[in-house]
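The chains carry the letters A, B and C, assigned in the order they are written, with residues numbered from 1 in each.
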Amino acid sequence: MAPVTGAGEQMYALVERLYPLCRSITGDGVRATLRIVDEYLPLQVHEVPTGTRVLDWTVPQEWNIRDAYIADPAGNRVVDFAESSLHVLGYSVPVSATMPLSELRAHLHTLPDHPSWVPYRTSYYKRDWGFCLAQETLDALPDGEYEVRIDSTLADGHLTYAEHVVPGQVPDEVLVSCHVCHPSLANDNLAGIAVATFLAQALAEQTPYYTYRFLFAPGTIGAITWLARNKERVRGGRVKHGLVLACAGDPGSLTYKQSRRGDAEIDRVLRYVLAASGRPHRITKFTPYGYDERQFCSPGFDLGVGSLTRTPYAGYPEYHTSADSLDFVSPEAMADTLAVCREAFAVLDRDRRCLNLSPYGEPQLGRRGLYDALGGRSDTQQAQMAMLWVLNLSDGEHSLLDIAERSGLPFDTVAVAADALRGAGLIKE
Amino acid sequence: MAPVTGAGEQMYALVERLYPLCRSITGDGVRATLRIVDEYLPLQVHEVPTGTRVLDWTVPQEWNIRDAYIADPAGNRVVDFAESSLHVLGYSVPVSATMPLSELRAHLHTLPDHPSWVPYRTSYYKRDWGFCLAQETLDALPDGEYEVRIDSTLADGHLTYAEHVVPGQVPDEVLVSCHVCHPSLANDNLAGIAVATFLAQALAEQTPYYTYRFLFAPGTIGAITWLARNKERVRGGRVKHGLVLACAGDPGSLTYKQSRRGDAEIDRVLRYVLAASGRPHRITKFTPYGYDERQFCSPGFDLGVGSLTRTPYAGYPEYHTSADSLDFVSPEAMADTLAVCREAFAVLDRDRRCLNLSPYGEPQLGRRGLYDALGGRSDTQQAQMAMLWVLNLSDGEHSLLDIAERSGLPFDTVAVAADALRGAGLIKE
Amino acid sequence: MAPVTGAGEQMYALVERLYPLCRSITGDGVRATLRIVDEYLPLQVHEVPTGTRVLDWTVPQEWNIRDAYIADPAGNRVVDFAESSLHVLGYSVPVSATMPLSELRAHLHTLPDHPSWVPYRTSYYKRDWGFCLAQETLDALPDGEYEVRIDSTLADGHLTYAEHVVPGQVPDEVLVSCHVCHPSLANDNLAGIAVATFLAQALAEQTPYYTYRFLFAPGTIGAITWLARNKERVRGGRVKHGLVLACAGDPGSLTYKQSRRGDAEIDRVLRYVLAASGRPHRITKFTPYGYDERQFCSPGFDLGVGSLTRTPYAGYPEYHTSADSLDFVSPEAMADTLAVCREAFAVLDRDRRCLNLSPYGEPQLGRRGLYDALGGRSDTQQAQMAMLWVLNLSDGEHSLLDIAERSGLPFDTVAVAADALRGAGLIKE
């Protein structure tokens, strides 16, 4: 595997550039985000009009915001969108009003347990407006009349998402998906976007077996839109495996959430690679909550799509707050997440079921130069054992990963043995 | 669930009334028992003539007994049927004789390890006569000539059993069975009869989904007779689930003995309910011994019928002795057994496989008023999680109990979520 | 089971007779070995010509050796084949030369970690010559010119193997195989040969159910030759079960290596018998290395063949060295291995799936004299419980071993119960 020299720092730099943008499920923040990613990875950007029916949903109006603030009785901006995109309730309708604090309070969201943090809140499908602020900011506000202004637009437009395809030797696809709808939250999900970007770059270094499709889309409605537009392709079985990337940069250890099936090949690969790597990690069962695995694993699709995070969804106090800042993620953590993704796809991409073409007794490896000639010794080498295992289990039922797991030999040793046997005409895929 | 106020005391009172009667596999003791139960629960009583072929068996002659005693050389009744129905070997043929103690001994049954207890013994299928008495009574008998008299009748007649049906919304049946053939033994099985009686009352309070058939029949031959007379109905699949109730009032914790299948729905329900209830309990595997689950689970029928007891068959020293008296059972224990039965049938009765009618991606719950509008929070409520789980797993393969077990959510929460989704037209049964 | 009085000593005596012979995969050593075994067990000997195609292999030239030695500069034979057949590299081509020690070293094999032991080495499929000697012998050799002579023949001839068949009631076969190609190594595999020989004798004492075929053949090429010549019979399913016997006499505890399938009946029988016997033992998974189970379990055949050893392949330091001598094996160990084989085949030979001919409810055992007449007691005997279990599970799906395992009753008790029920016409095979 090629070294990822400096990839951690490069991913962190990308996160820093994306951090200030105000993303939502639609709007110019998403477009600006995708334009930056496009500098690293050519993207095919899709614009889907408001009102388009997508599965059970409808593409909503597009939301854009230019400014928003609360000014106190003295005219000071005490809450200001210019300071952080989190300060405005996502999808707030425009407002321009003066009202007493008592009336304003119904529109203010805080985190009393973390008084210095600003929460992240949205109201996509119910017309509302609001501000998010620190509890300590709220506590310091004097009574009086406040000026409230949100200069936003909620109007017919488009939902924006992007794809990047790494072509493979076969049209069967591996889907790698990350959500791009969260505003200034570093771990959730700028780190996921960064890892996906650099993973795509790494995969393109040599033609992989599978075709890898990277999807950068707003959460839920974006995945649903993509599924609606690709429904027949997906139902037809084109997507063989998939991975949702999120929360890829926090200091916690890695967590793989299995697909709904629980024994999909992607599940087995991630379990194998994480265990073999010796990294501390967690394997969790599927739940119909979290990120877009919810949609990919809905019962009509039931794809073999798992989700890789470090600390998972809602598993850390900084989740969906201003504390999920640039300080919360690190180049090292993102590099580690990227490395595991590469290791996993290196296994997935080589995992095959082979067929022993000489299945009656062992074929004579010695006359093919595949076996040590001197008999009687007990220190048979791993490479020879791997060949015997591949021959013995290549009955069309067992994949190379099955063989690695059953034999206890490293996957790579097994895959190399399979290559040698294929070269000798003893097995075929 | 409706409170069962006073049910324990009412069941105990029923046990007290039934206790003195001399029941056997046929005869007037069974009829008297069923007449009393009929005061609580209207019974359909069946009389099957002696000689009727029932599966591999034949309905035996009917046994009735009026009096029986052993009088010592001084003329004192030292063993007297009037004191306890246990004193006579069940199905004893008539005898009227005088004989020395040495000859009489061959007909006397005692429990040397429990010298003050009287054992319960029968000889249904081999013509014999005998008495059961305390070892200490026997030890005190002087040598001499004893008068022995059993005023019984063994003659062509009928085998008696009864049914009570609680009609449900569907004709598919749940069978609840208890044996009514044991004489003055409180736990085995007057407690079972009492719990079955009050369970039927409780189920009738509202129309259940299943039709519940309660069977009050003598052990073995009664179940075999019922199966013979219902063979085609049973083989045709009408009985979906069943539970044999016995030993329902002793101080031990609950024991569920699984059906022969081991993974029948009744097995899963009882395991789930007992575990969820937090009660100490035991789950045991099927064995072809015990109560009438032996017959219901014979390989030709192989019904999903388990058995619920407190301390199981032969698991307590008082088993089949005079120590299984009114003191051995309690209102509290019977009320607890009844409560678990009600909890189990509340689950069984609502357990369904549903089908998600909008299986591609998640349906938009928000616009149907089923989902909290404010996004970004991590404290998603259990009710919403239950809806997502029901939608995700309602593929026709998973029942609501499957969903409860897999999600870790309470069955009731899952069932309520399914009701809401059904109401919204998102799933169907 | 008949006592095996003195069988341990008799097996040891056989091992002593076979020990000095120089066996290889072909040649007169094998023939001499089979002639001695034939004194105990009539053998059908097969001779397969050099050059015969056998599966993916070709029968090699036949190797015979008359003398071999290394003489030091003083003319003393410092390594001498006459002392031990291990001293010559198996399949050494003839050599007659004088060379300095420095040149000779490339042809000398030692075990530096065990300086007094002589290793066992071969070069069947690459033309080579060599000597095996103790490291301490080598260390003591002075420099100088050495005379090297191997008086061997490598020429067209035959591969020799033998069979013995114990006829059974059915033509379905159990294959018992042991390799006969190793020279003076007592545990590997003279002990295996001896146990196989006496096992065949014991099985012939009464007509078994299965036909037992004993195979005495050189490792790998012998099994492959047998499989090639019996390919259609084997593929047609004639061989139902099998056991490879090796390393049957060392002081270690027994090890059963499961077949490739892992749940073949032979696997279940050996697991059951070893556990039930209370002997310390190990059950290991299949690996495609070891003895001829490699060939029998190749994916094209995938037979239910396991391997029974004491300490397994390469699991002891004496393995493939001169320390695997007559001192390393004992009559007791061989008798113990033989006893387990007999116990296992006693189970295998009686294991059947039966069908309850009266599957609706329990048949009335009492009127058939199969059931104790006195009811009410809790001390039901094991024999009666076994009958109930056999009746309950004889649905065509469960074998008697299944029933023994599920009931926890001894297999023998279950088999006797099945015999009684068969005698009463209640079950059939």
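By our rule, a contact is a pair of C-beta atoms (placed from the backbone, for glycine too) under 8 Å apart; a residue touches a chain by one contact, two chains touch by 3 or more.
Here the structure is a predicted model, which means the values were calculated and not measured.
Where the sister copies subunit B and subunit C meet, the same residue numbers recur on both sides for under half of the interface positions.
After Cα superposition, the angle needed to carry subunit A onto subunit B is 120 degrees, rounded to a multiple of 5. Once the centre of each chain is set as its mean CA position, subunit B and subunit C turn out to be 55 Å apart. Along subunit C, no residue makes contact with two or more other chains. Those residues of subunit A lying in contact with subunit C across their complex are 356, 358-364, 366-367, 373-378, 380, 385, 388-389, 391-395, 406-407.
Those residues of subunit B that touch subunit C in the shared complex are 55-57, 90, 119-126, 128, 220, 223-224, 227-228, 231, 260, 285, 287-289, 294-295, 297-302, 313-314, 319-320.
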